[in-house]
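By written order: A, B, C, D, E and F. Residues from 1 in each chain.
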Amino acid sequence: VDNQSNVIRRSGRFLQSLDDCDGANTIIVGAPMDITSSGRPGSRYAPAAIRVASELIEDYSPTLDRQLEDACFFDAGDILMPYGDVESSLKNIEDGCWSFYSASKRVLLLGGEHLVTAPAVKAAHRAYEDLVVLHFDAHADLRDDYYGMKLSHATVMRRVAEIVGMQHLWQFGIRSGAREEYELMRASGQMYYEDMLSPSGRASAAARVVDAVADRPVYLTIDIDALDPSVAPGTGTPEPGGLSYTDLMDMLLRLRQLRVVGMDLVEVNPMLDASGCTLVAAAKLIRELLLCF
Amino acid sequence: VDNQSNVIRRSGRFLQSLDDCDGANTIIVGAPMDITSSGRPGSRYAPAAIRVASELIEDYSPTLDRQLEDACFFDAGDILMPYGDVESSLKNIEDGCWSFYSASKRVLLLGGEHLVTAPAVKAAHRAYEDLVVLHFDAHADLRDDYYGMKLSHATVMRRVAEIVGMQHLWQFGIRSGAREEYELMRASGQMYYEDMLSPSGRASAAARVVDAVADRPVYLTIDIDALDPSVAPGTGTPEPGGLSYTDLMDMLLRLRQLRVVGMDLVEVNPMLDASGCTLVAAAKLIRELLLCF
Amino acid sequence: VDNQSNVIRRSGRFLQSLDDCDGANTIIVGAPMDITSSGRPGSRYAPAAIRVASELIEDYSPTLDRQLEDACFFDAGDILMPYGDVESSLKNIEDGCWSFYSASKRVLLLGGEHLVTAPAVKAAHRAYEDLVVLHFDAHADLRDDYYGMKLSHATVMRRVAEIVGMQHLWQFGIRSGAREEYELMRASGQMYYEDMLSPSGRASAAARVVDAVADRPVYLTIDIDALDPSVAPGTGTPEPGGLSYTDLMDMLLRLRQLRVVGMDLVEVNPMLDASGCTLVAAAKLIRELLLCF
Amino acid sequence: VDNQSNVIRRSGRFLQSLDDCDGANTIIVGAPMDITSSGRPGSRYAPAAIRVASELIEDYSPTLDRQLEDACFFDAGDILMPYGDVESSLKNIEDGCWSFYSASKRVLLLGGEHLVTAPAVKAAHRAYEDLVVLHFDAHADLRDDYYGMKLSHATVMRRVAEIVGMQHLWQFGIRSGAREEYELMRASGQMYYEDMLSPSGRASAAARVVDAVADRPVYLTIDIDALDPSVAPGTGTPEPGGLSYTDLMDMLLRLRQLRVVGMDLVEVNPMLDASGCTLVAAAKLIRELLLCF
Amino acid sequence: VDNQSNVIRRSGRFLQSLDDCDGANTIIVGAPMDITSSGRPGSRYAPAAIRVASELIEDYSPTLDRQLEDACFFDAGDILMPYGDVESSLKNIEDGCWSFYSASKRVLLLGGEHLVTAPAVKAAHRAYEDLVVLHFDAHADLRDDYYGMKLSHATVMRRVAEIVGMQHLWQFGIRSGAREEYELMRASGQMYYEDMLSPSGRASAAARVVDAVADRPVYLTIDIDALDPSVAPGTGTPEPGGLSYTDLMDMLLRLRQLRVVGMDLVEVNPMLDASGCTLVAAAKLIRELLLCF
Amino acid sequence: VDNQSNVIRRSGRFLQSLDDCDGANTIIVGAPMDITSSGRPGSRYAPAAIRVASELIEDYSPTLDRQLEDACFFDAGDILMPYGDVESSLKNIEDGCWSFYSASKRVLLLGGEHLVTAPAVKAAHRAYEDLVVLHFDAHADLRDDYYGMKLSHATVMRRVAEIVGMQHLWQFGIRSGAREEYELMRASGQMYYEDMLSPSGRASAAARVVDAVADRPVYLTIDIDALDPSVAPGTGTPEPGGLSYTDLMDMLLRLRQLRVVGMDLVEVNPMLDASGCTLVAAAKLIRELLLCF
């Protein structure tokens, strides 16, 4: 009398998740937090909503000619988020991720707001000290503080840069930021925006990244608003002028040979996704991430 | 490295579900089917959405002075529904429910459309042959066929009446139907509508039901549209003139001494519930059902 | 090869409309205009949307024990509304309604905004010179002008009063207006609000109306916002504190013996009716109006 | 006293429809069915909603320099769909379409889900035995069965292929399917996806199709999700990476010389189209289809 | 060339606000914060949205026979909220409110989440040391901590009770809480729920409050979810079984003789208010609060 | 005790507006009118909603390397619109704009519907008699009358052409109109559509415009539906096949050397913008317009 019954299946898991963690290479885990959002909040509901939306896509990726059954992953559920308590929430994320990294698993974290990336990178960096971070986003997120706060969705990549070093941070799709953030990015020379919108631009950007990163371990963080708002309207701070789905996938494929040890997909906001298209795009992206790297 | 970790919890379960079936008295299971809906479809998404909405309510019921921890229940997940195949879907529901009834569990089925009640009652009747059915709804659902179909959300209570006998069917809140359905209900004399809207009407109706049913096993089916559309707008065929939440709870409390062996809550439609209030009302009703009976 | 085919039916008609005007007693016709709305516009889409929503209700009224087949009515379509031209639009409504009144038909006009009532009453008054008007609404609509305009949704009942005489205007459910409108209503003594919320209040109000009106011809205009916003959220200027659906129906039933020669239902706004409940309430009201009077 | 009146027009018809079938070359007819949808249901409301949305577009096509008055078409209404009964619904579609084909009319069917194409092709094939089918879609729809069902939106093109022969099926825009469907398409060599996204790709694909099809009669089926979800979010199973509106129109124009005898537009879902843009795109596509072929 | 021009008016103010603070008795000020929301966030947008919605109501209150011109109030704008920083946000609220209290103004604070009441009461208490607090809500908000946090929307009334003393806290409409919160309320004996739903219950509750409070200064905090979700669906944690608008207004009128020195209206969430009815109800409540006390 | 307090800021202004008109070069003013909309109304709410949405964007434009602080602009509020009265509304717009032009200010008008451009151009023309108008739109808006009305959103550019001369009207992005409008545009030879979709097309169009306009004063009117509906779904009459945000910005940058003396942005409709992306795109466009010209 359990759900081993062949007519009942567990609810609330991403398509084709294994039944337990042990045999899995990759762990999907949610971080339903949106405390520091300056835009419209609601990304806390993304993990649950993306799991439901995953029913709308196929297991098979024609692009990669692989199917989800081939990716040994386990959807572990959600990290506990004490409401309104930024520090405890971040601590839980770091602990939760570390429990997987320390067991030699790869983690795919589902945000939540972008700040969740800070503790996730911290945990990954503990496991892989020469970590490189690839960052797809519309916003630079490089402020040193935001209204006096050091830990915020608007400062997260600055915190990440402090962990891995600015020279190990590569940014793609950024088209919004304060002047000081742009000065930082112009100094680093590792940010690509217009290049992302053409095949040739993507080719040369990817070549430079692949060459520089070589076989160092990579953490890949994707803010859904890297995509154009037409493609991903369900996000707190949409920014016109972004990547099409095809642009993004093409760039990811060009980076396929990198050794990706951790990933996240953040800032999906189901409360703003009337048609559900953002959720489906997110679910499809997750499928491709699981099968690509 | 599993979700036994104290910072991660399984996703997609109703608030305070046990971790497995064995110690549970009551099993929650979803039946995400809306194939025969003549109104606006979408109730297939109710089980997943109600689970998410359950996060918005408290564990404790001030009305009953009990809390969910006291109800030993397990949320088993969802019954598999072959898309578009009415018969197989109903067969799976019957099999799924029977697997629990045969293990002496009580079942709380989450629809889906109202047709899911037919196989659920069939399974319950197999376990309890003198079953009585209490039916809260806006619609009679007593047609013999609907556009030629015998199995439909509009015929479901006729099918149920064929299983348990029309004299063992009690109906509450009905305010819509075809003439022939009203003739049937007037003949049975076991339908209450206006009475549901006043304390004295509910008291005398409840007294008659309690007296007649005595200690026979009871199956309780609640179509969310028994509630007024102002209270539960997220449903396919809203019908003005319904019960307030307080009316419904008051009536259920008056029936508390009955021996309820099976229950369902059907026709919640998240696609039509812009504010989420219907989902929260459904989650609260489920909490009260678990604690009341 | 026409739609006389038994598998095809004409689209865009209210449930059970006859196929042509000749045999009909009552004509349903839409006036999709919302030019002067000071609240949120969109009521122009009401006629089309109510017709679609009529599929969600039954033909049979249990309250009246009659069904729509018994009401000989024809849904004629919509009156042409030159966009943005108030005067031509009102002229078309008057001409359209008069074409039916002059053929001894009863008209049930579907707004659009409340201003459509002015030309509709004008046409009815041309046919019935001792016309009395019953007005259900949240707003008095008795301003003499609104921002300098004589013809506006906010002045419509003042214009109507000029046609039939203030002493032949009865108002129900009004709970919002400017001070000068309230002075007018207090002087007339023919406005009921709190009374509408209790059975005894409705009984005595109805008795007084029935007594005063006797067998004079009656025009009944219902602004959907007479209902509480919880029951009918899809309207441009919702006003808390209104009638429940049951309150409104009870009052209408008490007026059943009146000789109603024209009716309208206005201010339904589908753009604000996320759940569709207002549309269904409107469709059900229309069914009851067709069967009641 | 009819709607021949010059101030009243019939409701619920596509822009500029003739008043009857006889003088028409093309018949528009709706098939409001979504029974087997595995994605989010609601496409049953498409025919009614597209008719309302047609008011938002012009009669004149600047691309084709023709206007709707020149296309002699009649909007016949909707085919009757017994709720929940797949077989009877499909039978009605076949009968309804055949009644037009047998009278030498061209049919433009408005879904509903994609399964409606199966009986529509069957009827067309009865009239034109050497029929070729052109299929625009995001999904292959080539499964042999879907959860055991032979008739499903997910198997419809397999059924169509059985009628006309796989060699007479051409597919465009497909970017999702199971592995076995992709094997079938790779074997047939008649599916184009990436080509659809560039002018040169479309040119060579169109050239090959025009050459192969020559003057055989053509049935054109367009699933709205061939368009990218950014352009057509209102659909049950959106799939990122699709055609822009301009891509699709350009491809259709390149096929203009083909002899199109039947068409359909399916899978528009008004319940998921918050802004109404999908409905407007559908209405404009229908105008162009009527004027182009 | 300024907006003193008679054809231009300042945007973004509540209906009939004075042009500056000096002549005003009451100050409206927004506190757009929703950081600690455990329910669905978005109440940060309430102040702006309520101001827009205020255009939909009249200046005149028929219940009170007064109009807004008579209430000398100034809408000062919004208190600055450093995103994600609970402590600084609360400090700003306290400072902002105190700047008005210290100038002998009355403050009407617009939330935001309920936690904004804590610093607002603190500022009021600094000005009026014998302050009494009246609390309308669905939720007790009396937890000592919430997931370890002392400052949270779920603990706010506990913090308030610590400021004014539990014996000076009166609660109305509470129907949800943890067991320990109910124990606290049962001990205090100053909470009314069922009484709020009947005239006689309200009369005796009001009599007791008026008697006990006498002429002590009163702070009135209204969580919009005290109202039933049918009336106010636009809120983060709707709780069925609440007050109607009429119930709430009737109770407030019975308390009219109290000396109210500060007020707030919190937890309105525009992101969940598809029809805008909650915003209109909030705007009307604010008008009545300004005119009543 | 005023909002000069450093913790309170005025509500309802566009990001970084100065506090008064005197020091400003450019005046932002709203014209919340949608009376003559033949599409879906609601653009009256655009000015208020765009101001709220402006909080979601940065002050700094990376494209222009300038920030809003550098643009001396004042957001004056909204022009008064007598509901339903087209002529008075247009008169107020003309007077309001003229009060700024006569003080040598530049005006950026926020619609409302496109008809607001007629009086705005009239005022600008009074100040600059050799005015040239640049018009970005999906619709030609060149009808001589619309359903008999001379003043309508559908005739506005015809009225504008009568003021400045057809030879001084340049149109971009037009893809919808009646045959007679297309004849007019083909005769003028100053309309570009397909060119707008490619860099080379934009380059040559811009070169021709810059050459012809030289240093004449320019009025720039942008109908948001010039953008593709995927980018700007929140508009009354979306028209597929439009410009991407990047296309539009690129074209505007190519016109940067022109002497722009007046601007407007019209037809944004918040009632149709479920995700808010259109509002954000509008706010960003306004920032770029303020910084670009």
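We take it that contacts are C-beta pairs under 8 Å (C-beta built on N, C-alpha and C of every residue); 3 or more make two chains touch, one makes a residue touch a chain.
Please read all numbers here as calculations on a predicted model, not as lab measurements.
Enquirer: Shared touching chains for subunit A and subunit E?
Expert: B, F
Enquirer: Just to be sure I understand: going only through chains that touch, what's the smallest number of steps from subunit C to subunit D?
Expert: The fewest touching-chain steps linking subunit C to subunit D number 1.
Enquirer: Can you check which chain pair, E-F or D-F, has more C-beta pairs in contact?
Expert: Counting C-beta pairs in contact, E-F comes out ahead.
Enquirer: Measuring centre to centre with CA averages, how many angstrom lie between subunit A and subunit C?
Expert: 54
Enquirer: Subunit A to subunit F: how many Å between their CA centres?
Expert: 37
Enquirer: Which positions in subunit D are in touch with at least two other chains?
Expert: Residues 40, 45, 228, 230, 272, 274-275 of subunit D each touch two or more of the other chains.
Enquirer: Taking all chains into account, which pairs touch?
Expert: Every touching chain pair, ordered by label, is A-B, A-D, A-E, A-F, B-C, B-D, B-E, C-D, C-E, C-F, D-F, E-F.
Enquirer: Across the complex, what residues on subunit E touch subunit C?
Expert: Within the complex, subunit E touches subunit C at residues 56-60, 62, 65, 67, 228, 230-231, 233, 244-246, 249, 274-277, 280-281, 284.
Enquirer: Mind listing the subunit A positions that touch subunit F in their complex?
Expert: On the subunit A side, the touching residues are 39-40, 175-179, 182, 197, 228-230, 233-234, 236-241, 272-275.
Enquirer: Okay, in this complex, where on subunit E does subunit A touch?
Expert: Interface residues on the subunit E side: 34-38, 40-42, 44-45, 82-86, 88, 146-149, 151-154, 271-272.
Enquirer: Quick check on the complex: what are the subunit A residues that touch subunit B?
Expert: 1-3, 5-13, 20-22, 27, 29-30, 45, 47-49, 51-52, 75-80, 92, 95-96, 99-100, 102-103, 105
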